[in-house]
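Please find the structures below.
You will see chain A twice below: alongside chain B first, and alongside chain C after that.
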Partner chain A sequence: MPEQLAFTIEVFLNGLMAGVLYALVALGFVLIYKASGIFNFAQGVMALFAAMTLYGIMNGQVPFAHLINAIFGTDIHYFGWNIPAFAAILLTIGVMVLLAWMVQRFIFRYLVGQEPIILFMATIGLAYFLEGVGDLMWGSDIKTLDVGLPQGINIAIDETTYGWFGYGFFIDNLDIVASVVAIILVAALVMFAQYTKQGRAMRAVADDHQAALSVGVSLNFIWILVWSLAGFVALVAGIMWGAKSGVQFSLSLIALKALPVLMLGGFTSIPGAIIGGLIIGVGEKLFEFLIGAPYLGGATENWFAYMLALLFLVFRPQGLFGEKIIERV
Partner chain B sequence: MFYREAGDFSTTYPQDSQTFPIKFDRWRYYAVLFVAIFVIPFMVNDYWVNSIFMPFLIYAIAAIGLNILVGYCGQVSLGTGGFMAVGAYACYKLMTSFPEVSMFIHVLLAGGITAMVGVLFGLPSLRIKGFYLAVATLAAQFFLVWLFNRVSWFYNYSASGQINAPERDTFGILITGPNTEAWATYLFCLIFTVLSAVVARNLTRGSVGRQWMAIRDMDIAAEIIGVNPLKAKLTAFAVSSFFVGISGALFFAVYLGAVEVGEVFGITKSFLVLFMIIIGGLGSIFGSFAGAAFLVLLPVLLKIIGVDWLGWPTDIVAHLNLVIVGGLIVVFLIAEPHGLAQLWRVAKEKLRLWPFPH
Partner chain C sequence: MKYRLGTMAVAGLMAASPVMADLVFPSLSYRTGPYAAGGIPFADGYADYFTLLNERDGGIGGVAARVLECETGYNTEKGVECYESTKGEGALVYQPLSTGITYQLIPKATADDIPIHSMGYGRTSAANGDVFSHVFNYPANYWNGASAAINHILEVNGGDISGKKIALVYHNSAYGKEPIRTLEKLSEKHGFELSLLAVDHPGQEQKSQWLQIRREKPDNVIMYGWGVMNQVAVQEAANIRFPMENFIGIWWSGAEIDVQPAGDKANGFKALALTAVGSDFPLYDDLQKYVVETGKTAGAGDQLGTVPYNRGIYAAMLAAEAVKKAQEIHGVADITSGQMRDGMEALEITEEVMAAAGLPGFGPSFSVSCENHGGEGMVAVTQWDAGAGKFVKISDFAPTDMSVIQPLIDEDSAAYKAENNIDSNCN
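Right, the complex of A and B next:
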């Protein structure tokens, strides 16, 4: 087997893994967009915030320690205890639910019926707010999040492929775990939406707000539920990305990468988010490997996804699986 | 009482359709111009110009440009940083290739080049709408920044990958480089800001502006009554990018002097300018100024209060700044979606009747 082909397959596989992580962030967008028509720009910052909170709780950081120290001249940083990862994750979920409630109660309750673009801008404002609050609460230094996920090269795959091709593939254990988690998460979300009472109500709201309201579905509750779910997805994405590349500001830029994923897949489709994520992940890795690095000077991953989405949209504005856009005067 | 229009009659059509039909407004406008041109340059020092006036003037141009696209034509763009980078690099290439030409012309040409790039990235807007378009403009943002980082022709093969503004003048007065006078750079930016505002104001009052607004309000309906969407959208992109390009050129050449593209013209810059027009008021030239002033002054104020008075560390103040800006965006969208400009309009209405509102 020629070396080049083996490399390409390796890049392809790594692209698939990266795509799964993109899809994970994109999923949060789709959830909120379907149920409330809000395009939640803050999803990435929510992931960052969730990861920071998880880290802070695990290590017993005092929230707002820097601010308190600055105002009162004290010098406190840690409570001095460590909380096991599992309990910390539960606590963080609690925080995300609280956040969802606050977002609904203090922002979007007042913006019902506004134009989508106004809602979009409100979420940009929310993103900045949350980023600032996260930094104030937990400090803006880069943190390494370790919740006990396996990391490093997967030896089994390396050895197997070495036996087949004479070249061992480098695939990170973490990516494999992330993929499995993402698949479970998607399956769980689909089950939730299909088979539970709340899930049905959620889909009803997604279909038609007023009709759902008239059969007794509480919009307020559904929206809080959806934001909580998105917060949960953000937490999962935050754990994965945080373990991969550290909890830092660039984490929130992952959210931007999720946008072309969504545009490819269509804003309203959960399978679309997954497949879009895979296409983008594989596409950008392969493009970088085959064309970007040898001919264009590298780092094409920064823009490839957007360009692909841009070109794609010109031919199919609703994305691969999105509902057809029908406009009436 | 102070703001009266009694006895202010228009006797000709040009009088009636001028930019400031009320005499009080007109005189206030002249007074502001007078102070800006004849008083401030003699009073400012380097600190004032560099931390307040120049960023304000330059951001105001960018905000006017973006406001034309977003506020008047309804095409949301997140590519402002990228277009500012185009202006900066175009200006840099022109400055280094034609050292003897006046800076004034370089900046205008840089705007022109940016306009062309803007039209190119505006083409998808004919097919894509709403936030699909917003995301599509992100392609411009990331692609352009990458381009200026990777293609060494743009930064004249310098080892650091930075661009540094050489010393250039206009009418014999140094405008760029380390040895400039505060008043000269201030006046240079002021001229561009005033010109941009006048041009933008008159464009938006004329037939082009009405076409933009028709497209913004409902594009299909606009098409039916005979507005050509191709022409309207692309002119909006061109004019908007022209202003943004000018501001990018000034930002690099006059204000900073040296630029590393990813740092200065990154995505945060796009958001900053977008915030300016949201806070200032979408679809208002005055709003662009108000928003720019607000977001330039807020960090300066917070820094004075937080760092200098209270003695807090700078990073906390920077984070507080994020919280306040984000919070304000939300508050404005909820309480006053039309921004500071609307507050100003309401105040004016009140003042016209004051002190006898009934």
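Right, the complex of A and C next:
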């Protein structure tokens, strides 16, 4: 196989893997937007908050330790125990459910029926609030998250492809895990939405709030449920991205990678988030490899992702899988 | 009656706010935002050093030091706001802690007669004191860093790197692009092949760049990164099994937090350094006694000896030494910012000065003059020992290739001088 073709296939495969990671972030946006029409600006910060909480619980960190020490003159930082990753993940899910309840109870309950821009502004406020509370609770240092995920080159793929093509492909073990997790997550979400009572109620609310209310669906419960699911997806994204870079503030910026995915896949489609992520991932990596790095000085990935999304917006504003907006007068 | 009330009010005000001289050091810190993990220890080190001087020595020359902290979040606009809001407090010297803020403050601070110390960052050609009268970037700048990295690679390869491939992975910003010209000149001189790999802000996703490195197989990689870009780059290098001993970062890519997330796989990663590493210096005993044990640390007191904390200590120590020099030159203890500038311009850091400050061997010896605001550009190399969980200094502070760097400084500063119609500072 010609070397250039082998390189292109490798870049393509890595683009797919990167796309899965983008899609993981985009999923959280889709869940909330689909059910409530809210574009959740805080989704990236939720991923950061979830990952920080997971780290804190795993390592027995005392929440708000710096604040407690400053007020009471104490010097406590850790409880002195470590919690296994699986149990810590369950506890973190509990914290994210509690956060969902608080978000609904103290913010969106009072904003039902408001304009979408008001709801969007509320999520901006929520993002800044969570950023500050997260730092105050768990500290702003970089945390090494180790939940036992494998990282580094997959030797089997490297050796096999070397045997076939004379060039070993690089595929990161973490990306393989992320892909499997994403497939399971999407399958579970789709099954939940299709085959459970709560899932059907969620879809009913997404279709028409008023109609859902009239048949006895609790809007309050459904919104808490949706924010909890988005919190869970944020935790998964936080674990995957946090394993690559450590848990730190920049995790909240991964939301920027999800925006073009949403523009392309549509804000209301779970499969759209996945397909959009894959197209963005592959597109930006191939563009960087074939054009960006050799001819444009590199670092074209963010630019390309948004340009591609913009093109889609021009020709298909609702995205690939979004619901077409038809307004009758 | 009105007169009596007025007199009483003035008397009351005077009693309430007695005139107390102090030496004001604004700290444009960033304890929040994406770069807080690096900003917090620096700010702690900077503040703790002055606290130590106050507690142990009663200040500098008998005048208390006051650190005036202002949060920038590493945001240029906020940094300028911080400057404007603190300069009226009698600020002696600004450490902008950001290349963007430094660029904005250069004309403002020059007009206000307040010196700037951009240590290891900012506008590199500000080393030319004849043009940049109020900007100092001793002991080393970005271009010294590029040269130091090449010098180290030369040393490892027995002085010959012709035909070698060296890649620069850089933050796609003005900062990250700083070393490119220097490296291009050095590649002409030494005959190595240079490839450039830009990483977009913030640098969370670098798969393309590291796949390219895996394909092109450079012998060495130099990194000019910042924030999350550093942690991801080290992790990606480990993932493609790039030999860590051939991977060298500038001092902004060489803190403990940059390598810890990659665990043992980061072992052997190298970084350039402006200061020594660790806390095995007499000054730290005093810090423990006068600052930590008395609960007067600026932060949680858990950063002592880390790379960014040490850099904060060093910046504060250099500022304090410049104050002493200014006090000596002008014969007053409560100096002004203009006098501080004079002190910085006459600064001479010798091994004796470092030892007297309780920091023997902590930083290089250098001297500043009217023409040279950058010192001698001496840089050390450190290496990460993952087992011990610390950086180890593997070379002394060594000179860099000024035969390449000085013409670049002269060229860039001459262009700035012409553009802004600046008079010579040294004539």
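Following the convention adopted for this analysis, the second predicted complex is superposed on the first by the 326 of 329 C-alpha atoms of A that agree within 3 Å, B and C clash if a C-alpha of one lies under 4 Å from a C-alpha of the other, contacts with A are read in each partner's own complex, and residues count from 1 in each chain.
The working rule: a contact is a pair of C-beta atoms (placed from the backbone, for glycine too) under 8 Å apart; a residue touches a chain by one contact, two chains touch by 3 or more.
Everything numeric in this text was worked out from a predicted model, so none of it was measured.
Visitor: Should chain B and chain C be called a clash or a fit once both complexes are overlaid on chain A?
Guide: Result for chain B and chain C: clash.
Visitor: Where does A:Tyr110 make contact in the superposed view: on chain B (first), on chain C (second), on both, or on neither?
Guide: A:Tyr110 sits against chain B, while chain C stays out of touch.
Visitor: For A:Val11, is the partner it touches chain B (first), chain C (second), both, or none of the two (neither)?
Guide: Touch partner of A:Val11: chain C, not chain B.
Visitor: Taking the superposition as given, does A:Tyr78 touch the first partner, chain B, the second, chain C, both, or neither?
Guide: Neither chain B nor chain C is touched by A:Tyr78.
Visitor: First (chain B), second (chain C), both or neither: which does A:Gly246 touch?
Guide: So A:Gly246 only meets chain C here.
Visitor: For A:Ala299, select first, second, both or neither according to whether it touches chain B, chain C, the two together, or no partner.
Guide: Both partners.
Visitor: Quick one: is A:Lys285 in contact with chain B, with chain C, with both, or with neither? Answer first, second, both or neither.
Guide: A:Lys285: touches chain C, not chain B.
Visitor: Quick one: classify A:Leu130 as touching chain B (first), chain C (second), both or neither.
Guide: So A:Leu130 only meets chain B here.
Visitor: A:Leu313 contacts which: chain B (first), chain C (second), both, neither?
Guide: Touch status of A:Leu313: first partner only.
Visitor: Return first, second, both or neither, reflecting whether A:Phe120 touches chain B, chain C, both chains, or no partner chain.
Guide: First partner only, chain B.
Visitor: In the superposed model, only one of 7-15, 61-69, 79-87 or 241-249 in chain C has C-alpha atoms clashing with chain B. Which one?
Guide: 79-87
Visitor: Hey, what residues of chain A end up touching chain B and chain C alike?
Guide: Shared contact residues on chain A: 66, 131-132, 135, 140, 253, 297-299, 302.
Visitor: Show which residues of chain C lie in contact with chain A when the two form their complex.
Guide: For chain C paired with chain A, touching residues are 31-37, 40, 172, 196-200, 202-205, 207-209, 211-212, 214-215, 227-228, 231-232, 235, 238-241, 257, 260-261, 263, 265, 295, 300.
Visitor: Spell out the part of chain A that touches chain C in their complex, as residue ranges.
Guide: Residue positions touching the partner: 7, 10-11, 14, 17-18, 66, 69, 73, 131-132, 135, 140-142, 144, 146, 151-153, 170, 172, 241, 244-246, 248-251, 253-254, 257, 285, 288-289, 292-293, 297-299, 301-302.
Visitor: Which residues, counting only chain A, touch chain B once they are in their complex?
Guide: Of all residues in chain A, those touching chain B are 39, 66-67, 70-71, 107, 110-111, 114, 116-118, 120-122, 124-133, 135-136, 140, 253, 256, 259-260, 262-263, 296-300, 302-303, 306-307, 309-310, 313-314, 317, 327, 329.
Visitor: Going by the contact rule at the top, pick out the chain B residues touching chain A in the complex.
Guide: Interface residues on the chain B side: 76, 124, 127-132, 134-136, 138-139, 141-143, 145-146, 149-151, 218, 220-221, 224, 267, 271, 274-275, 278, 310-313, 315-316, 319-330, 333-334, 337.
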